[in-house]
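Following are the structures in question.
Common to both upcoming complexes is chain A, partnered first by chain B, then by chain C.
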Partner chain A sequence: MTRYAFYVNAELCIGCSSCGMACKNQYDLEPGIVWRKLYPLSEEIYPYKDRAFFSLACNHCDQPACLEGCPVSAYTQREDGIVVHNQDACIGCRNCLRNCPFGAPRYNAAEGHVEKCSMCWERIDEGLLPACVQACPTTALQLIDLDAFDGSETVQYPPGFPNRPDIAPSTCFKLPAVPVIVRRDV
Partner chain B sequence: MQEKTGNTNIRQTLGNQVSRRDFLKMLIAAGTIAAIPGSGLLRKGVGASALSSGGYEGKEAYQIFHNACPRNCYDTCGILSYVKDGVLKYVEGDPASTFTHGGLCVKGYSYPRSVYSPDRIKYPMKQEGRGSGNWKRISWDEALDTIANKILEIKEKDGSLLGLGMTKYSGNFGITHYGVEGTMSSLGYTTRFVGTPCWPAGIDAQNFDMGNMWCNDPEDMAQSKYVIVWGANPCTNSIHSMKYIYEAKKRGAKVVVIDPVFTQTAAKADEYWEIKPGADGALALGMARHLLDMKLEDKTWLEENAEGYSEFASYLRREITLEWASEQSGIPVENIKRVTEEFAAVKPATIWLGYGLQRHVNGGANVRAIDAFVAMTGNIGKVGGGARYGHLFTWGFNYNALVQSAPEGSKGYTGKTGPMGEFDTGQGGEAATYTDRAFNINKIAQEIMDAQDPPVRMLWVANKNVLSQDFDRNKIIEAFKKLDLIVVVDLFFNPTVEQADIVLPTTTLFEDWTVNVSYWHYWMSINEQAVAPLYETKSDIEIASALSAKLNSIKAGSCTFPENIDPKEMMVKEFNDGIYSLFGIKSWEDLKQGARKAKLASSASWSDNKFGTPSGKYEFKSSLAEEYGHTALVKYKEPRKPYATYRLLTPHLKYGLHSQFQNLDWMLDYNPEPLVYIHPKLAREKGIADGDMTRVYNKLGEVKVKASVSDIVPVDTLLMYEGWYGANNAFNVNILVDDESSDMGKFKTGAPGVAIHDQFAEIEKA
Partner chain C sequence: MENFELPLVLFTLLTQIAVGMTIFAALRQWSTVEGATTQSRNEWLTVLALIVVAIVAAFFHLGKPLGFLRMVFNLGSAWLSREILGFALFGLLAAVTFYMVYAKTPNGLLFKLTAIIGLLAVLTTGMAYSSAGIDAIHNLLPLVFFLLTVFTLGPACASYFAGEKSKNVLVAVLSPTLLASLVVRFAVPFAWLAGNTVTRISGQNFLASPLHWLHLVVLLAGFVAVQRSKTIPSWLPIALLIGELLGRIAFFALAVSSGANLGNLY
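Right, the complex of A and B next:
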C-alpha cells in the first residue's frame, strides 16, 4: 500500500521559496492566497533569525480535522492518504479553517470557497511529482511513501510544529544544522 | 505541438536518471517517492467524481514551448511553458538541463503572473510633467512621431546625434536585445553609457591574472574536496548550484563560507567566517603567506605555469604577516592557519569568488589576491578546482541585431573609445573617423550634468531601471532635468518610467523570440514565442524597426535599421557555425528538443595551462595591470575610509532580480515589505525594537524602513536588500549609495565598477 507524505528536510532547505511559488504557478492562485510557504523557525529553535525553515502546506493527516468538520463532504481522503478538497462542493463555511491546527485551508473571498494543497494528485496520478517537490533545488522537500520510508533520521513533531498525534499529520521532518561560526570582535 | 513531456517523471528520478547522476541518489533517502501512480481509491469521504483543485489538466491539454529566463542571473534557467488556448498556464524548468534539473526559482515560477499582471504597461503613453502620474494613452504612431522628430531636431541643431544618450543593461540578456544598441548605431553616432555596475573589477582582475574570465563548469564542484564560497550567496542567487556543493559535502568535502553577513549559504556551511567588508585581499594574502611558511605551495605547478611568482613570494615574506591579516579581516590567526592547511592538503580544492567581494574600491585587488592563493595551491586548471568567478565562453553569437551601420554622412565623436561593456566583441580603441561618445554607466547623473558639446538632450532607456538601480538617486533626478526628452521601454510602471516623458510597452520573454546563455553554467536555451504579444506590446527590435520606418518616412536615409523584421528570423541570424560546433548541434532547431550544453574539452577552465596573458602563463605580476594604473604585482590595496558610522550593505534579494519580480502581487505574498536588518546590540543602543520604523541616512539622503532585529548582520553593519519599488513605498537603497568607483573594470568593460558595498550610514528610530 502506498501512503504519500511530504518530507521536509530543514538541513537541506535553503529557504529559496521556489516550492511556494511553484504551487501558485501550477494553480494560478489568487494574489493573497498561498497553499505552501516557508515558516522561519523561531530563534529558540534555530539560533539565527530567518536562516532555517519548514516548508509547509497541507499535512494530509491520517485523521483529517478538516474532513471531520465539513458539513457538505467537500473533503475526501484517498487510499493513498491524499486529502482532497473539492472547491465546487465547498459552501465557504470555513469550519475547516477553524478545525485545522496547521492553517492549511485558505479562504478565497473572491470566489467564496476554501482551497488548499491537493498534493498535486492529478500530477501524481500521471506519474509526475507535485509541483513544489519538483521545484526544490536541493531535495529538501520530497514526496515519500510512508510505508517504505526509513524514518530513523526524521522527527514527526519537531519544535514549533503542533503536537497533534490525535489527527496524525503525515509530514516528516529533519532538523537544521548550525555551522561552526567565527564572528568578528566588534 | 509534438513535444516530449517536460515534467520530471517519478520513475525517471528513481530509475535511469539516478544512475546517470549518482549524486542525486545520495541526496534522496531510501523510500522517498513511491513509483506507483495513485489509485484514486477513497478511504474517507464521498464525491470523488467531482474532485477539482484547478491545477494540472493532464499533459495532453497543453502545448509546450521552450523559453529561457533572460534575467541577470547565474542560473539562466531553461523554461518549459505550458500553453492552453493561447494562454500561458504554468511554467517549469527544462529537464534537459542537468544544471537546473527541471526546476526554476521563486522568481521564475512567478512568470505567468508577470505576463498577465494587471500592472503591465499596455499601450504607448505620454506623461504631462515627469513624476506627475498624469499619463495619457497615445498611439504608436504619435509616440514614434514625437520621438523621430526630436531625433531629427537634435541632428539638425548639433550636426550629430551625440545629444542622444542611451542607457541599457541587464533587464533582458536575450541576444536579440542587443538590438537596443543596434537601434542607436542605425541612427548614427550617439552617446552610450558603457560599463557594468555588477562585476567589472573582478573581470579585469581575472584578465590580468589569467588572460580571461573563465570559470570551471559549476557542475564539477561536486568533485571538489574543499569548497570556499567567498562573497557569494548561492542559496539566494544561484539556487541550482547548491546541489553540487551539497554533493561535494556528501563526498566528504568541507565547505567554508567567507562573508560579512551570516547569509543563508553561510548557514549551510561547515564553517562560517564573518569577514570585515573589503578585507578579503588582506585575508587571502595572509593565507598565501601561511602557505609559504608551511611550504605548502605547489612548486611544480608554479615553476611550470607561473610568471612573477618569486617576486610575489618575496612581497609576502616582506610585507604580509598572519597577525596583520587577522587584524585586518577579523578572522583569528588559528582559523586562518587551519583552513589554509586543510585547503592545501587536498586536491581538487576550489574557491567561488562572488561578485559582492569586488564591489569595493579595492575589489579588483582583492580578487587578484584570492586568485593568487588558489594558484599557489596548484588548483587552477583542475577539474573540481579553480578560482570560479564567471565566463563569457558561450557568448559567441553574431550580434546581428547589434551590428548596424550609421546612416551615410553621420558625424560623431572623434576621440578613442574603449570596449562598450563586457559583452563587446567589437574593435574598441581602433582608429575610426567617428565613434560613439562613451560615458560611464555607473555615473549617469554626473555624466549628464557634465556633458558639453553637445549636452545630452534626449535619453533612451531600455532593459534598465535607472532610478531603482543606478547610484545616488537624488542626483539622477536632478540630472534628468537637463534632458528634453526621456523615452523608456519597459513592462511595468517602475520609478524610471515615473520620470519619463514617453513610455513604450514591451513584450515579456514569452511573447518574443531569442536565445540565452549563462555567464556561469555552460547551457544554451532557445526562447520561443509561446503566446502572442498582449495589448500593443513590441519587442526591442520591433520598436527599432518601427522607429526606423517612421524616421525614414519623415526624412529618407535617417535610419538603417531594417524596417520590416521577423523576430524569429532575427533570432535565427544570431547563430553561427562556432556556436553550432561548440554545442554539438546542426541547427538552432535542435534546441527545440531542450537546452544543450557546450561540448567542453574539460569541465576545468585552463586545463591545458595555456593562459591568455601576454606571457601565456599565470601572472602574479602583470604588466597589463600596470598599464591600467594598478600595481603589476598582486598586492594589498587599502579599503575605502568610512564616511559615516555604520557599514551599509545592499545585496541582492531572493524575491527579485534587481528591480524585477518583487513588484508582482504574487511576490508580495512572500515578501510584503522592505526591511533594514540591524544587530540586537546596536538596536538596543538605538532604542529600536523589531518592527519599528527607522530612519537610515547619510550624506546623500535618507530612507524610512522597518527594522528587523537580527544577528545575521554584524554589530557595525546595516543591511537592506536592493531592488525594491512599488506598493506605495518610496524606499530605495540607492538613495544611500554613492557612485564611488571600484578600482578595476576599465580594461575589459570600458568603465570601472561601483563600490556598492563601501557605503556607510546612520540609523535612528523614526
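Right, the complex of A and C next:
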C-alpha cells in the first residue's frame, strides 16, 4: 500500500521559495496565508556562512493531532496517509491551530475557516505531482512513498523540527551538507 | 505573544465560576442548611446568567457560529466536543434546577447531579486546552489551573448568597485554595524554565508579563484578607474575578506553540 510523504532535502534546497509560491498559485490563497513556508535554520543549528532551509507544510502525520482534536470532524485521513481538511465542514474554532506542533493549519479570517496543505491529493489522484514538488527547481522537495523509499540517509526529527514521535509526522529530511573549507598552504 | 482569545477567556472563566457556585450552592442547599430562599433563587439565576453569557461569548470565537451544533460530532476523540456536550448538559440541568428552586420545589439530587456534571465539564475543558501543539500546557496543568479557578471563584462568589451559617465553610475552602493557587501559579513558570526551548520561552513570557504578576498579587491580597478577617469581604470576589481574568488572558496569550520555533533549536 502506498504511504505518501514529503521528502525535504536540505542539502539541495537553495531557499528560492518556488514551492511556497506554487502552492499559493495552485490554491489562490488569501493574501497573508501560506500553506507551505520556508524556514531558515538558525545559526545554532547550521553555523556556517551558507544558509540552509526546511520547506515545510502539513506533515500528514500518522497520528494527526488536528484530526483527533477537531470537534466537527473536518479532518479525515486517506488510506495513503494524506490528511485532508474539509473547509466546508470547518467552523473556525481553531482548535487544530493549538493542537498542531508544526504550525501547519492556518486560519482564514475572511472565510471563517482553517486551511492547510492537502498534499494536492486531487493532482495526485490524476497522476500529477503536488504543485510544490513540481515547482522545485533543484528537486529538493519530493513526494515519496514511505513503503518503497530508502530512508537510510534521512532523519525524521532533525534539529529545527519538533521531536514528536507521539504524532509521527511523515516528512523525511536530509540534513544540509557541511560546507567544505578549502585552505591553501602558506 | 500569541493571540489571546477574549471569547475563550470569557467562556472558560464564566463557566468555571458557574460550576464553582453550583458546587457550593448544592453543598449548602442539599444539606438543607438553607432552603429555597430568595437568596438561593438569585444564586441559581446568577449561575444561569453566567452560563448564557459564556455561551454567547463562545459564539464570537467561531469563524462560522451557525455551525456550533456540529461541535459534538467528534465525541470519540475530541475533548472539545465532550466539553460542549458537558456544558450543554450542565446548562440544561442548571436551568431545570433554577426552575425548581423558583417554584419552591428544590430537589437535592438534582442539585448534586448539576454540580457533578459541571465538575466533569470543567474536566473536559482542562483536557481540551491541554493542546498537543503547546508543550508548556500539553499536560494536566490546564486542568489544575481551571480547578483552582473553580474552587477560588466558586466560594468567593457564593459568599454573596450564602447564609451566615454557611460562610465559615466557604472561608474554610477559599483560604487554602487561594494559597494553593498562589503557590502553583508562582512555581509553574519557573518550572517551565527548565523545559525545552518553547516551554522555556513560555515561562519567560509569563515571568515578564504584568498580567501574570498582577494575578499573583490579587491572589496574595485575597489570601491575606481572608486570613486576617476570617470572612470573605464583599470586594474580594470582584478583585479575584479581575485577577483570574488577567491570569486567563495570560494563559491563552503567553504559552508558545511549537510551530512558532521551526528552524530553531527545540
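Here are some notes:
Convention: the second predicted complex is superposed on the first by the 177 of 186 C-alpha atoms of A that agree within 3 Å, B and C clash if a C-alpha of one lies under 4 Å from a C-alpha of the other, contacts with A are read in each partner's own complex, and residues count from 1 in each chain.
Throughout what follows, a residue touches a chain if its C-beta (ideal position, glycine included) is under 8 Å from a C-beta of that chain, and two chains touch if they have at least 3 such contacts.
Bear in mind that the values here come from a model prediction, so they are computed numbers and not experimental data.
When the two complexes are overlaid on chain A, chain B and chain C sit side by side with no clash.
By the touch criterion stated above, A:167 is placed in contact with chain C alone, chain B being left untouched.
Look at A:89: by the touch rule set out above, it reaches both chain B and chain C.
Once chain A of one complex is fitted onto chain A of the other, the partner contacts of A:183 are limited to chain B, with no touch recorded for chain C. Of the two partner chains placed by superposition, A:58 touches none, neither chain B nor chain C. Once the two complexes are laid over each other on the shared chain, residue contacts for A:73 go to chain B and to chain C alike.
After overlaying the two complexes on the shared chain, residue contacts for A:122 are found with chain B alone; chain C is out of touch. Looking at the shared chain after the overlay, A:99 reaches chain C, while chain B stays out of its contact range.
Shared-chain residue A:2: touches chain B; no touch with chain C. When the two complexes are superposed, the chain touching more residues of chain A, out of chain B and chain C, is B.
Our angle of interest has its tip at the CA centre of chain A and reaches the CA centres of chain B and chain C; in the overlay it is 130°, to the nearest 10.
With both structures placed on the common chain, the touch criterion links A:39 to chain C but leaves chain B unconnected.
Nowhere in the superposition do the C-alpha atoms of chain B and chain C come closer than 9 Å. Chain A uses residues 67, 73, 89 to touch chain B in one structure and chain C in the other. Across the complex, chain A meets chain B through its residues 2, 4, 7, 12, 14-18, 20-22, 24-29, 31-34, 37-38, 48-52, 64, 67, 73-82, 84-89, 115, 118, 120-129, 131, 133-139, 142-145, 148-150, 153, 176, 178-186.
The residues of chain B lying in touch with chain A in their complex are 7-11, 13, 24, 27-34, 36-48, 50-59, 89-93, 101-113, 235-236, 239-240, 242-243, 246, 257, 262, 264-276, 330-332, 335, 654-655, 665-670, 708, 710-712, 714-716. Note for the complex: chain C touches chain A at residues 61-65, 67-68, 70-74, 77-81, 84, 128-129, 131-135, 257-266. If you check the complex, the residues on chain A that touch chain C are 39-42, 44-45, 53-54, 56, 65, 67-73, 89-95, 97-104, 107-109, 111-114, 159-164, 166-167.
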